[in-house]
Amino acid sequence: MTGSPVLDAPAVLDVADLHVEFDTYGGVVQAVRGASFSVHAGKTLAIVGESGCGKSVSVQSIMGLIPMPPGRITRGTALLDGVDIIRQKIVNGQDVRGNRVGMIFQDPMSALNPTMRVGDQIAETLQVHRGYSKRKAFDRAVEVLTLTNIPEAEKRARQYPFAFSGGMLQRAMIAIAIACEPAVLIADEPTTALDVTIQAQILDLLKALQARNGMAIVLITHDLGVVARMADEVAVMYAGEIVEKGSVDDVFYRAAHPYTLGLKAAMPSSTTSKSEGLRPIEGTPPDLFAPPTGCGYFARCPHAMRLCGPSHPFRFDVDPGHEALCWLHHPDAPATAPELHRRGQA
Amino acid sequence: MLLYTLKRLLQGIVTVWFIATATFIAMHAVPGDPLANERATTESIRRNLEERYGLDRPVTEQYFVFLGNMLRGDFGISFTQENRRVNDIILENFPVSATLGILAVAFAAFGGVLWGALTAIYRNRLPDLIITFLVILGISVPSFVVAALGQLVLVDINAWLGYSLLPVAGWGSIRHMIVPSMVLGLGTMAYLTRLMRSSMLEITSSDFIRTARAKGLPPTRIFLKHQLRNAILPVVTVLGPAIAAITTGGFVVELVFAIPGLGRSFVQSVQQLDYTVIMGTTVFYGAFLVFMVIVVDLLYGLIDPRVRLE
Amino acid sequence: MSVVERFAPADFEPALIERRVQALSRPSLSYWQDAVRRLRGNWRATASLGVVIGLVAFALAGPWLWRVDPSVQDLDQLSLGPALPSTARIVEPSVPWAGVTTEPTQSGVAVTNLRLAAPATTQTVRLVWEPVIDAAGYAIYRNIYDPGSERTLGLPIGDVLGANRASYEDQLDLDPRRYWYSVVAVDANLAEQTEYTTLAVDAVRAVSPEEAVARGWAQNAAALGVGDTITLPFHPLGTDYLGRDMLARLMYGARVSLFIGVVAPVLFVLIGIVYGSIAGFVGGRLDQMLMRFAEFVIALPFLLFMILFKIAFGIGPGESGVIPMLVALVILGWPATARLVRGQILQIRQEGYVSASQLLGARTGYLIFRHMIPNTLGVILVTLTFAVPSAIFTEAFLSFIGMGVAPPTPSWGSMANEGVRTMLSHPHELIFPAVFISVAVLAFNLLGDGLRDALDVRMRGRE
């Protein structure tokens, strides 16, 4: 299912029914069990979920960054401009990685080559994908670095990564990713390792670059605050599946899955009084060596019904462009969980 | 950088002093009077030595004489070879050992980096298994056995070919240098291969390689500019001590292949209890090694930019 | 939707809580359990452990099972290769032989019908032939190779004058092997003919009863009858150039090499642990001083000082030289471990879990024993396992250049040294000790590798 019907343009990146598994000493782990999501030009899709839910694996497998073996994509397609980039690394005569799709990662301190100048690392992509000369590539690299609001970009480009702070390194990584003006930027937890103040700067930077280039952003995060700030569309992931998908307003104000409700409830707010305490979600995520045949959230869901255990829930359309993987949306389901938004409600 | 160099040099000098002192103490702990060895000395040498070293004076005085001489670069005269200055012995034999050592190190370094990178790339496939097997042999078989076997094989090859492909012993031309330096470098090459392999494997799973792949760089480029460049650092670190090991291990190769180097003369001087030569060689070798390690460390600073600003 | 048919109203009732709990399928493993599991899975390491145990058993139990004195020389079987036991035949003490003379009836340049008059033994070989008319005499040669067509007749062992001489006795002390005897006719001018006759002869070891007793092969001369066969001392792996049993020497050599190879590292690792812990804990100036001293010792050229120490301690007559070598190894080896341990301790002190433990109120003793030592233990174990092959190597190396244990104390290194000299003719004297050294070093190295992989924290839970 593609994005909301409000947008007529087709998605830039359309992932359908992705399945990824790994061979380990304990058996086969099903890390991603049927994820589908898409993102449009100029828009940001946030994939939210807790550690181990499969969000990083999804995007990394599409980009070919998961070692295969021991990993395997057993099913699914990822269409970029209509071409499946899981099977093909070149679209319309251009490389995908680094060129049409850029990626930035979580820990900027270790993500750059310590023995190479920062400017050269940016220039590399231009040399390889655009065929620039060393000189031209370096000049352009300095330009891109300036775009990321790094002061004294020329001087910085000649320095090595160890001379940069965390925030600056992330900017440098962003520069590397956008140097070839990609259609999609995938940001895998870009702010998790940074201070809160720097976080805000980086996110604003991404938004500004997006407005400038018109690129689509896929933002992986576990922080709902970041989602609220950046996302246009949200996909909530749990135990290798997308359990809820919709616009940011839909997911935040009209949550249609018990897990999303749990996440929201767990977020401490300034209005929570001391005596109330924090409200975590009880239990732990399911073991993906032997994934549950029914709903993955069954063990922890306060509203679980009998059929939720053995039967895997269908994907229900709650509202146009808003779907949830939960039996509570079955027409025969009782009206428990009043805080859960259902079809037709305001 | 300059300050760092000066600091290292100063440390080096202190270390050499320590080595000289330790050598002095060790030599004077030897039971018996070195000059009492009738076979070794003639009357004239004996008088010369007594005069020069004050062997009849108290030990502490002798120590300062010794240090004084050392500072002036004078290692004295040989006990057993009449009128031969130790300095001359060292100057004559050292270049040979140094050449052998440098060639062996070069051979070991090249080979180690090459094989190590190959085993990492073809991990768990056939090239890896073969090379790993050879490497394990290389670190287990004692160097002297390798030297002896090497010579044996060479003799056989020459016999089978009917002419001398490479000389079996001696020194003098490039052809003489090939087999001994290969034999000498073999053990270190095996060690460096393993080091390079683990370094490569560690680098390959690191974050910045993931970034490089995400950039869509071609594999060759990733290999050369990103993997190799970083993986080689531990190998360079080890190169200093490796040079030390190779130069001392050179003894055996020099003995087996009859190469007139410092190692062989050292062993001979030990067997003949030629004390001045023993002391002189030890201090000289010690100083040489200390400064080699400093040179390598400075070299490392050139490759790894992180060290430069320390 | 067919969904409507598939579910009954009861399905939509709330699920019971007990049924929802899903058991963890992976058992939790402690650090050591995980390490042992990984070590067991590493076949190279387990095989090496087996080899190490085997070598230790060889060294300790071997001499009990194979009771042969490694310094006794069997002069009759010098440089013997690995072989089944040799035998000797009992014969009469040799009596002089008159020889055979025959009037030649044939003409020609070479004798015919060259044969043995009696079975050939190591004491005497008696040749007989058909003489030729034109000869003035005959020259007899003996070679250990077949002369073939190149006329490499070998050693001239004698000649007889007279055409009718038809025999020769070789009483030179022979080895029990194959010889080629050649007889060449000599003409009136005492020039040899170009043609010759050859006979291959296998000399069998033979002794008289008295000789057998004298050489210690039998007890009672009277009990031995002519034609009996007695067995010589058995050397399954052969003997060296002095006739000493290789197997016994290898066993005793194992004791020496393994003793030095294991005890020295244990000692200097212990010293290093104490020294390094103190430096790491106390810190500050004491740490600086201690480490400075340690670095100096490391800077000493290892081999040179090993040799110096050996000379300094001196080796008196009758001493084996094992203890001086042990002491020298320990003196030069401890700083490396000290540095390692100190580094580990410094690193661990800064780890989050130590601060956390302190915050929870842990006392220093608890911190040391519960946190620091277990985390250092891994590094120490690995260092120890790698120090052993290095020590074995060094000992072998020094013994090889003559700076090791004193003869006749056997060690693998000194055996290899002696073996090199006869490498071309009797390779077994070099091969056996070399193989033992290599196997020991290899086994400890692989074991060290396995331990390191098993104890490496980063590999926990990851394959």
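Going by the order they are written in, the chains are A, B and C; count residues from 1 in each one.
One rule holds for everything that comes next: a residue touches a chain if its C-beta (ideal position, glycine included) is under 8 Å from a C-beta of that chain, and two chains touch if they have at least 3 such contacts.
This structure is a prediction, so every number in the text was calculated from the model and none was measured.
**Q** Which one of the chains is closest to the middle, using the mean of its C-alpha atoms?
**A** B
**Q** Counting C-beta pairs in contact, does A-C beat B-C or the other way around?
**A** B-C
**Q** Distance from the CA centroid of chain A to that of chain B, rounded to the nearest Å?
**A** Whole-Å distance between the two chain centres: 54.
**Q** How big is the gap, in whole Å, between where the Cα atoms of chain A centre and where those of chain C centre?
**A** For chain A versus chain C, the centre distance works out to 62 Å.
**Q** Between chain B and chain C, tell me the centre distance in angstrom, where each centre is the average of that chain's C-alpha atoms.
**A** Chain B and chain C have C-alpha centres separated by 27 Å.
**Q** For the complex, which residues does chain A have touching chain B?
**A** Going through chain A, the ones touching chain B are 63-65, 95-99, 102-103, 105, 107, 110-116, 124-125, 128-129, 160, 162, 173, 176-177.
**Q** Considering only the defined contacts, which chain B positions touch chain A in the complex?
**A** So the residues of chain B touching chain A come out as 206-208, 210-218, 221, 225-226, 229-230, 233, 303-306.
**Q** What part of chain A is in contact with chain C in the complex they form?
**A** The touching residues are 24-26, 283, 286-287, 289-290, 292, 298-300, 303-309, 314, 327, 330-334, 336.
**Q** Please give the residue numbers of chain C that touch chain A in the complex, ascending.
**A** Chain C reaches chain A through residues 3-4, 7, 9-15, 19-22, 24-26, 463.
**Q** Okay, in this complex, where on chain C does chain B touch?
**A** It is residues 295-296, 299-305, 307-309, 311-312, 314, 389, 393, 396-397, 400-403, 413, 416-417, 420, 423-424, 430, 434, 437-439, 441-442, 445-446 of chain C that touch chain B.
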